[in-house]
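Both of the next two complexes hold subunit A, though its partner changes from subunit B to subunit C.
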Partner chain A sequence: MNAHSMAVAGAPVTHKGEVLLSVESISLRFGGVKAITDVSFDIRKGEVRAIIGPNGAGKTSMLNCINGFYHPQEGRITYKGVRRDKMRPHRAAAAGIARTFQNVALFKGMSTLDNIMTGRTLKMRKGFFWQALRHGPAMNEEIEHRKVVEDIIDFLQIQHIRKLPVGKLPYGLQKRVELGRALAMEPELLLLDEPMAGMNLEEKEDMCRFILDVNNQFGTTIALIEHDMGVVMDLSDRVVVLEYGRKIADGTPAEVKADQRVIDAYLGVAH
Partner chain B sequence: MFYREAGQYKTNYAADMAVFPLRQDRIGIAVILAIAFIGIPLLGNDFFIASVMIPFLVFSLAAIGLNILTGYTGLISLGTAAFMGVGAYSCYKLTTFFPGVNIIVLILVSGLFSAAIGVLFGLPSLRIKGFYLAVATLAAQFFLQWAFVRIPWLFNYNASGAIEVPQRTLFGLPITGASATPETRYFVCLGLVVVLTWFASNIVHGKLGRSWMAVRDMDIAAELMGIKLLNAKLTAFAVSSYFAGVAGAMMIFLWYGGGEANDVFTIRLSFTILFMVIIGGLGSLIGSFFGAAFLSALPTALKFGLPALGVPIGGAAAEHVTFMLVGALIIIFLIVEPHGLARLWQIGKQKLRTWPFPY
Partner chain C sequence: MSDVAAQPTPNLLANGWIKSGLIVLGLVAAAIVGARIDPTGTIHAIFVDPFNQMAQAPDLLAQTIWEGLVSGVLYALIALGFVLIFKASGVFNFAQGIMVVFAALTLVGLYEKGVPAFLAVVLTLGVMFALAVTIERVVLRPLVNQPDIILFMATFGITYFLIGFGEAIFGGNPKQMIAEQLYLPKGAIDLKILGGIVSLQKIDIAAAIIASLMIAVLALFFQYTRIGRALRAVADSHKAALSVGISLNQIWVIVWFTAGIVALITGIMWGARSDVSFALEIVALKALPVLILGGFTSIPGAIVGGLIIGIGEKLGEFYWGPLIGGGIESWLAYFIALGFLLFRPQGLFGDKIIERI
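Moving on, here comes the complex of A and B:
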């Protein structure tokens, strides 16, 4: 960053752990539309990293690149020391990257329990024939994973909706179930796309608490996109700011808040 | 008042994850099985067993197969009859090659051939969805139906061009062929359907079933959970076609006692089974039975039941009345509950649970 923002922040940036994921000068185009242009940043182990920016800045596209839905035309993504910018989403899942969506992407016809159990898919190993019998090893495996899922349900305080189909739940609870489903994967890196969009104050506070608890208790690294600046400033260790697909700032919340280009991007400038 | 979970405490996850967690449900299923295994053979006459119960069982199995594909995985198929045909013709070839092997084993094995063909025709499902996939599976229907008629090797170069079911016995009792009694054929059908339904229920309640439903409800999120769409869709095609194949083999060997593809495994049959699944309830095994009962057993029962009950109409008139009644009932059910008979059943059970104090 520049000297100006350092002076405002006052203290030097404290880095947690080693680099878990690094994005190096990636560019993503859809035909002539440039979604992301030459963006680099890194996510360190154990931190809460926020990605912010005005609408259409390329934040969600960035997450889609990280978990393999989009493949950037240029640049490289390195996760845990392995280059993986051409990876499929299910490979990203196997590598320990979980994700929630901006518009809730739950399995609507399934119960809360089944939704979260789906998050355990990769950890379940018993073959087809044991599943067809649903006794012995397959049943033991189901029970073992059910215990983990019940822990998550307790953690998120959604015991009462365990057996209800998620399609009928209120929005705030759906967001919570989706977080639970991602947590069931025991991810190392958790990508949250606007986890608090459309929530009231109370629901936001709950969600903030869950995110911090996940970060503290499980040591999960979190990258989140959020528009509520208060939330971003309170939760995150470091913030990267995008505008029109380019990175305009990167640093601690205090640094970013004071950056002139960020202020211009959010409030507009007189031309 | 009698149907509720009050007082039934689950002390472990195994009990909570049971397919029928309520004691009343378990009693109910035991009663149904007792009726099916003891009551119907004792009380039903040959006509009822051969023309109502056996078709009902065969259609139920086929409907379960299609329900796995369409209801659980969200892939529409119009090729069910063709996959049933693959089962029937494989079973015929197998009886020719291995005359010494028990026919029940051969019926079960012939489903595997159907599963393989199903996977082959399921490959387009990776790229296309919805109505377009339905049209792609039509290719299976037309191509396979053509193959059944035009490749004489499949029907052993018969002059009739049809499958001729040989006599096979189990413990000295003929179960296929002309001398098999309806009762023995019924018991074989019932045994196969009960065992395979149990397998289907286990699969849809386990990891594979959850993967299928995840793909159906939100394929992007499913992929993110580590579910490979290729594997999930192709296993759905394989399991679905296996059930269809076994149903097809049962249809020819245990119900028709012989037949030719152009008469049996037509697109009309594919549609009938699709309607059974839709009317019965997508994504519900019990719905498959409801649908099969509604579209196969009810018309037969009406056609022959009305004159038998003393309603003064002739055979031809009874048939017309049946068509009208069934047609009207389909429309009424779809208006009352678009999610099928299975949902009506569920709502009924929920009502019963709170009766007589619903608040």
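Moving on, here comes the complex of A and C:
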């Protein structure tokens, strides 16, 4: 990927200070089931923020709240200084929030190229009329965006599967295509839901490298959910730990690792 | 589509073709042998006599094929409406048939109220747009991310609502389509060819031309534009489409409105050939075998499927129908579709069904 394609993301961020997104005491219930209870944390510009916790801790629900799939019943979500706790998913996308899914949500029948092209949807704005004729400005636009997509394909080293329908690809590659689609949106905030689940060691290392590269080269802020503690320690600047829908720790990887409640949550403790 | 059982690899698929080829070959061989042994019996009547008739009166054959072609084009139009919605939302829209009737009734109804013909067309388009928005708001939006079968059942609901609503407003009596007022041609062209006269209705020619144009435009639009890609994306995965910023609501209004336009044109063409009544809705179900033949996701498939069903039906009725007392036109299409399901479940042009286990 070149500088042009990621211009929006801005120069590499040196100071990781400014708050990009903040979550203030949100609670989410499904009927009587409490998925999230009174959780607050923030994500600062340019950082890699990990959300960890045992199964069912409410991690995915948290991401779903942030990008508008769920709307929390209580609390506030502020993104870039604007309150948006009732944001719809496609509005979140327009505001620069991209995401991947735990169980890969790709367009199975479409090729890798077309899948990543869908990430450009919001960037393509030439009129319906030209679109329909496939001529003039719309054609130029298509070519321009195609170039960005090819850059992303080079970056993720998936040239060899450009034309294959993604439904046929192995799981590890599907996850990579999904990351590519999210990157094509040139997001400011990238939400990754278990980007390394179900991968072998080599694939995990590749994925780690891509995530770090995205963060370093383009300054994209990343929030990720991960189970592998080693990965979390290596990648993230700060970690928030959830258990049974509540926040039990928040801090640097080293701090979190030393926290007794976190150790109890992960290793189990006799109550 | 994605939930359909796993599809064999291309290798096995090739075997499928070979298998069907062998069966056809076997039938032909059996027919030839049978006809030799027994020149006047049943086998002769089925496999030899109809072809003799065709050869003896080529003008009649041409006329039959033309009739089939025209009804085929109209089937293709109806199927096109189904394909549009299926491609974009993965839903088989049972209501497409009634949308055809509803559009045609609205047009004629407005004209009867004294609205000039072309203004009535514009207003009807407005009504179809309002219908699309309403369906999106009231039916589809609350059902986002629900299984396809639930959306399918919802289209049944839409069907019965539209039947009741249409009857309440326009009454249940058949109406005359305002073909003349819309400057659709009348009368017929008689061609003196093949030792006889083949008569082509001008309205049929017009229908064929209009349908072809519309199909071409839609096919290009779907395949090569951002919105086309977005439509296909929505069909594949709702949540992924949402996450890249595609607005489901907007896409659904677009497809349902497009399906409404297709419905109106179909309604005008069908209506001009017979009349506008709720019986059309049953005819619309013929789109089902057309789709099985052509593939649920393919616009060219809808056309080829429509033509095969249309022509097959007319030839079957005319040449083979008398053998079993006629009236086979009403079920032959389903019979052909059944044969196809056995050998090529995704249809002639459908997307290959991909399923990882």
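The rule is short, and it goes like this: the second predicted complex is superposed on the first by the 256 of 271 C-alpha atoms of A that agree within 3 Å, B and C clash if a C-alpha of one lies under 4 Å from a C-alpha of the other, contacts with A are read in each partner's own complex, and residues count from 1 in each chain.
We adopt the following convention: contacts are C-beta pairs under 8 Å (C-beta built on N, C-alpha and C of every residue); 3 or more make two chains touch, one makes a residue touch a chain.
In this text, all values refer to a predicted model and were calculated from it rather than measured experimentally.
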Self-check item: Combined model on subunit A where subunit B meets subunit C, clash or fit
Solution: clash
Quiz item: Is A:F155 contacted by the first partner subunit B, the second partner subunit C, both or neither?
Solution: neither
Quiz prompt | Touching partner for A:F218 - first (subunit B), second (subunit C), both, neither | solution = neither
Quiz item: For A:G109, is the partner it touches subunit B (first), subunit C (second), both, or none of the two (neither)?
Solution: both
Practice problem: Kindly classify A:K147 by the partners it touches after superposition: subunit B alone (first), subunit C alone (second), both, or neither? | Solution: first
Practice problem: Figure out whether A:T121 sits in contact with subunit B (first) or subunit C (second), or with both, or with neither. | Solution: both
Practice problem: Could you look at A:Y244 and tell me whether it touches subunit B, subunit C, both or neither (first, second, both, neither)? | Solution: neither
Self-check item: Intersection of subunit A interface sets (partners subunit B, subunit C)
Solution: 67, 69, 89-90, 93-94, 98-99, 101, 105-110, 114, 117-119, 121-122, 124, 126, 128, 131-132, 134, 138, 142, 181, 185
Quiz prompt | Residues of subunit A that touch subunit B when the two form their complex | solution = 67, 69, 88-90, 92-94, 98-99, 101, 105-110, 114, 117-119, 121-122, 124, 126, 128, 131-134, 138-139, 142-143, 146-147, 150, 181, 185
Quiz prompt | For the subunit B and subunit A complex, residues of the former touching the latter | solution = 12-14, 17, 199, 202-203, 205-208, 210-211, 213-214, 216-218, 220-228, 235, 283
Quiz item: Given the complex with subunit C, which residues does subunit A contribute to the contact?
Solution: 67, 69, 89-90, 93-94, 98-99, 101, 105-110, 114, 117-122, 124, 126, 128, 131-132, 134, 138, 142, 165, 167-168, 181-182, 185
Quiz item: Can you list the subunit C residues touching subunit A in their complex?
Solution: 1-2, 217, 220-221, 224-227, 229-230, 232-233, 236-237, 239-248, 351-352, 354-356
